[in-house]
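Pasting the structures here.
Next, two complexes with chain A in common: one pairs it with chain B, the other with chain C.
Let's look at the complex of A and B:
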C-alpha cells in the first residue's frame, strides 16, 4: 500500500495550491499596494516606537539623544505612578466591559423579543454609538457637576446626598465607568442582537416541545449559542476599552491626584506634557504587550469570526 | 410562538423603557443647557421649563475659531474618507477574488492593526511629523485617519462584496474584460450603496476623532472636537457655549449614523472608536 510516491491526498492538496496560485495571479496586485500602504502607516510607526523606547529622547532635556537599551522598561517597573495606572486601567477596562456585556445582553433580548410598540427603541438604543467620545465626556461632566447637572438634585429627591462626584477618587472612577457603560453598551447589544437573529428557530421549538419554559430556553439555547459571539465581543471591548481616553481627558484629566489615570493617559502625559517621548514609548509598548498576552489565546476565535463575518465564499 | 410569561414581558418592557430614558435624558439635559441663560443653568432645583435663549448658539457661530474648526473638520473628514477609499476599494477587490490562506491572513492582519490602541501610533507620528514639519496640516491628519478608516471600509465592504454573485464577474472575464475593467464596470456599480454606507461611517469616525487631532494640530487645522475642548480651557465657565457646540457636533454624526445603521454591523465588528 505504502509507496514512495505522493499520496492521493498530497496530490490533491498540491493541485489545489497550484489552482489557487493561478486564480490569484491577477488579483495580488490589487491587494499588494494597499497592504504596503497600510504597513507603512502602521507597522513602520510601531517599529519606530520600539526604537524610540530604547532611547532617552526627550524634548526638554538638553542631553543628546542616545541608545539606552532597556533602561526605560526597567525604570517603568520602579515607577509607582505607572504601577498604579496599570491597576486603574484594569478597573476602567473590566468594570465598564462587565456592565456593557450584562446590559448589552438584556438590550439584545428586548430587541430580539419583538415587543409590541417598542420598535422605535431599536433606533434610540444605538444613538451613543455615533456620539463623539469627547461630547460624551463633556455631557457626563456636566451631569456630574453639582448644580449644573441634575444628578445630585434627583438623588436628593430619593433621600440620597450626592457626592461631589468628580473630585473624589472613588466616585470619579464610578462616574467614568457610568459614562463608558452608556457609550459602549449599544455596540455590545447590536452584536448580540445580530447574532441572536441567526439562531435556528427549530431549536427553540424543540426545547418548547420538551417542556422548557421561556427562562430555560434562554438559559439552555440562547446563552450557549451566544457564547462565541460573547467572546469575540469581549476581545473587541477589552482591546478598545481605553478608547475612553477623551472621556477621562475632559471629565477628570486623570485626577483627582492621578486616581483615574490609565496607562495610555499616563503615557500621553509623559510624552506630551513632560515631553519624555522615549519613556512614554516604553510605557505604551509595555501596555500593548500586556494586552496582547491577555488576548493571544483568542486569536483562533477571531480567525473563525472572519470566516463567518468576513464571508468566506 | 414562544410562551413568554407575563412577568418576563413586563420586565423586558421596563428594562427597554428605562434604558431609553437613560439614553435620552443626558443628551436632553445638554440640549436644554444650550438654550438656558447662565442663571437658569445653575438654578436649584433645576429648571425644566424656562424661556429659551439662543444666545449660546449665536456666540458659537460668531466665533471665528469655531467656524474655522468646522471647515477643518469637513476638509479632514472628507479627505480622509476619499484617501481611504482609494486604498480600500482595490484591496477589497483583491481580497474578494483571492483564494486560499492569503485572504484570511490579510483580513486578520487588517483587523489586528485596527485593534492597536491609538496611543501607540501617536508618539511616532508626533516625532516624525515634528521633524518633517507636517504638524498642523490637513494632509498629515488625513493620513493618520487612514489607519482606522481603511480597515473599517475593507471590513464593511468584504461581506457586501461577497454577496454579489460571482457569475457576473466571471461573465465579464469570459467576454475578455481585464480585472480593472471588471472592477470599474461590473463590481463598482453594484457596490454603490455599500461604498456610500462605509464612506459615511468612516466620515463619522473621522469627524469624532479627538486624540490625533489634539496632538497633531496646533492652530491652523484644529478640528471640532479639539475646538470644543479649547472652549473648556479658555472660557471655563461658558457652559452654554460648550453645550451648544456639543449639540452641533453630535448632530451630523447621529444623523448620518441613522442613514447607515443597517450596514454598520460588520463595520463595527472591526472596532468602534479609536482613542
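Let's look at the complex of A and C:
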C-alpha cells in the first residue's frame, strides 16, 4: 500500500477518466444535431399524437373539441371492429413472416450450393425485392382476379375451380399472405445466404468425417449457426411487416366486409375517411404500445446475445 | 324534401342573379403570373378540361396545375389538405353529399362571396342557366358554396338482342319484373347484371344499393334532420337488401362483390354482362367507339322501382375555392371559366363528358348531335332527363356525419352479399352500430 500519494495505476485511471469525459463531451456535441433531428421527427409527433388521442377531435361532429382523458382508449376495447382488426393484424403480420423465414431458409440453402448456372437463379430469386409494395399489390390483385388473372386459369388446368379470391374473407386473407410472402422472402433468403457464406467450411468437413448426413449437417451445424441471424431477421421483418398497409390498400381495401383490415388500416380509415382524428390517434398509440410490449423482449434477447458473443471474442 | 330543396334553390338563384347584375367589369389580366392548383378525381370532366387550360392561361396569365386521382384517393387527399390547412390546393372538387361537412368546417370559400365583385363576369357565370337541383346540392343554408359541373344519376343499360333472344320485354319497371328479367337472360357464359359492390359511403355499393333501399320505401332516419334515430332495419329495408343480395348472388359475374364503377363500365363495354345499372354520365365511356363492343345494341331505361317508384341515384359534383387558398380570387376566375357553358360544350366534344349542369349545353346542337344515342331501345338523352327528374336531390342524407353512416351501411350490404350474415341480421347490427356512431358524434342523445 502506498500512502504517499496515488499510484501509477490510479493516476493512469484518473487521467483516462478525465480524457474520457472530454472525449464524451466532444462526442455529445457531434451527436447533438442528430439528436435534435430525431426528436423533431419522432418524439414531437408522438407527443402530439398523445395529445390528440385525449381529445374528441372529429371533423364530422357538431360538438366542440375538448379534452376527454382516456375515453377514446376505453371505447377502443368496446369497439368490435378494433378487436377484430387486432386479430387480423396478428395473422397478416406473423403469417407472412413465418412463411418468409421458412421459404427464405430453403432458398438460402439452394443459393449456398455451388451448383452450375446458379448465378442466374440467384438473380431471379431476388427480383421481387425490386417491386415497390404498391406495384406488387396491383400485380397480385390482377393475378387473383378471376376474369383477368392467371391463377384460376392454371388451377382449372389441373381440374380445380379456383375461388373468387379477393371476394371471400378466408381466401382474401390467404391471397394477401401469399403476396407478402412472395415479396419479402428474397430479403430473408439473402440475409441467411450471406450468413451461411461466413460459416467455416471445416465444421461441415468435420461433420462429414463423423458420418453426418446432409440433413444432420443442416440440423446440427447450419441451424445453430444461423440462430442469431434468424433472430435479427425475425425482429426486422416483424417491424417491417407492420408496413403491410400498401398491399392491403391495393388488393382488398380491408375487405370483404372488413375481414382483412389491420389495425393500421382501420386507424387510417378512422382518421382520413371518418375524420375522427382523436379516436384514430388513440388507436394507433394502443397498437404501438402492444407492439413495443411484444417486440421488446425479442430485441432485448437479440442485443444480449450479440453482447455476450462480443465479450467472448 | 324536394320542395324544400326547390325553395332554397330559387332563393339562391335569385340572390345570385341580383348580385351578378350589379357586377363591375372584370379585368381578365388582374392576376397575371399567379399560380393555382386544382385537385379532384378524373371521372369525365377534368381530363377534357385540362386540354382547354392553355386557352385560359393565355387569356388571363394565370398558371393552372390540375391534379387528378381516383375518386376515393382524391376525396381523402382533399379532406386531409383542407383539414390541416396546408393551402396546397386553391380549387377542390366536392360531391353534393359532402357539402355540409365542408361548409361546417370552413374548408371552402363560398362562391357567393365572389359574385358581384370585379373578378366575376356575369355573362360567363349566367347563374340562371344552371339546372336548379344541381345548384341546390352546392348550397348550404341558402348560400351558394360551389359551382356544379357534373350532374350524375343512374340508368339501366341493357343489350337489346340478348333480351329479345330470351323473350323478355324490356324495360322492367318494378323490382319484381327486374329480377324476372335477370333470371330469364342469365347464363353461366353471360351473367345478367353488374352493380357496384365495393363498400363505400358514396362511390361504392351504396351508390347502387340506395336506389333499392328508397325504392322499397325505406328511410335512413326516423325524421331527418329533426330526429336521427336510425331505421335501417325496417321491414322495407330488409326487403330491399334481400332483393339486392338475390340479384348479386345469383345473377352477377364472379368477383362482383368487390366491383368498383370501372369494373361495371368495363363489363358493359365488353358485353360480358346483359345489363348494368350505373351512372348515366358513363354512357360516353360505355359507347366509346374505340372500345365498345355493344355499340348499336344498347338499350336505355329509367331504373326499376318498388312501392316508392323509381329512385335513381343522384349526386352533383362541383368545384370550390379552398378555404385557405392564397389566391382565392384567381381561383374563382378559373372556376367561373371552367363551369361556363362555352367551356362545358367544348369539354363535351373533346372527351366523354356529358353530365352537364347547364341547360344551354343540354340544348346545344353539338352536344345533342354527339350524345343522342338511340339504337331502338330508348332514346338516351330522353331517358337521362327522365331519370334526373325522378332522382332525389338528397340521395345521400345531407349532414356531416353521412360518411360514417354510409360506410357502415356499405359494410352491412357486403356482409349479407357474401353470406356472412342474413339481410335481417346484417341490418339489425348496422342499425345498432349507426345509433352508437350518431350518439358518439352528438347527433343522438
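Assume the second predicted complex is superposed on the first by the 270 of 313 C-alpha atoms of A that agree within 3 Å, B and C clash if a C-alpha of one lies under 4 Å from a C-alpha of the other, contacts with A are read in each partner's own complex, and residues count from 1 in each chain.
Operating definition for what follows: contacts are C-beta pairs under 8 Å (C-beta built on N, C-alpha and C of every residue); 3 or more make two chains touch, one makes a residue touch a chain.
These numbers come from a predicted model, not from an experiment.
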Regarding the shared-chain residue A:95, is it in contact with chain B (first), chain C (second), both, or neither? neither
For A:255, is the partner it touches chain B (first), chain C (second), both, or none of the two (neither)? second
For A:147, is the partner it touches chain B (first), chain C (second), both, or none of the two (neither)? both
Go through the superposed model and pick first if A:60 touches only chain B, second if only chain C, both, or neither. second
Who contacts more of chain A, chain B or chain C? B
Is A:191 touching the first partner chain B, the second partner chain C, both, or neither of them? first
Scan A:104 for contacts with chain B and chain C and give back first, second, both or neither. neither
In the superposed arrangement, does A:272 touch chain B (first), chain C (second), both or neither? both
Name the contact category of A:167: first (chain B only), second (chain C only), both, or neither. second
Identify the overlap between the chain B-contacting and the chain C-contacting residues of chain A. 147, 272, 277
Per the touch rule, the chain C residues reaching chain A in their complex are 76, 79-80, 83, 101, 104-105, 198-199, 253-258, 272, 400-401, 403-404, 407, 411, 414-415, 418, 420, 440-443
Residues of chain B defined as touching chain A within the complex: 1-5, 8-9, 12-13, 15-17, 19-20, 22-24, 26-27, 29-30, 33, 41-42, 44-46, 87-88, 90-91, 93-95, 97-100, 102, 104, 106-111, 113, 115-128, 143-144, 146-147, 150-151, 155, 158-159, 161-163, 179, 183, 204, 207-208, 210-211, 215, 224-225, 228-229, 232, 239, 242-243, 246, 249-250, 253-254, 256-258, 261, 264-266, 268-269, 271-275
Which of the residues in chain A come into contact with chain B in the complex? 17, 20, 23-24, 26-35, 37-38, 41-43, 45-46, 48-49, 52, 57, 103, 106-107, 109-110, 113, 115, 118, 121, 123-135, 138-140, 142-143, 147-150, 153, 182, 184, 187, 190-191, 194, 201, 204-205, 208, 213-215, 217, 232, 236, 239-240, 242-246, 249-250, 264, 267-268, 271-272, 277, 280-281, 284-285, 287-288, 291, 299, 302-303, 305-307, 309-313
Which residues, counting only chain A, touch chain C once they are in their complex? 58-63, 75, 145-147, 164, 166-169, 252-253, 255-258, 272-275, 277
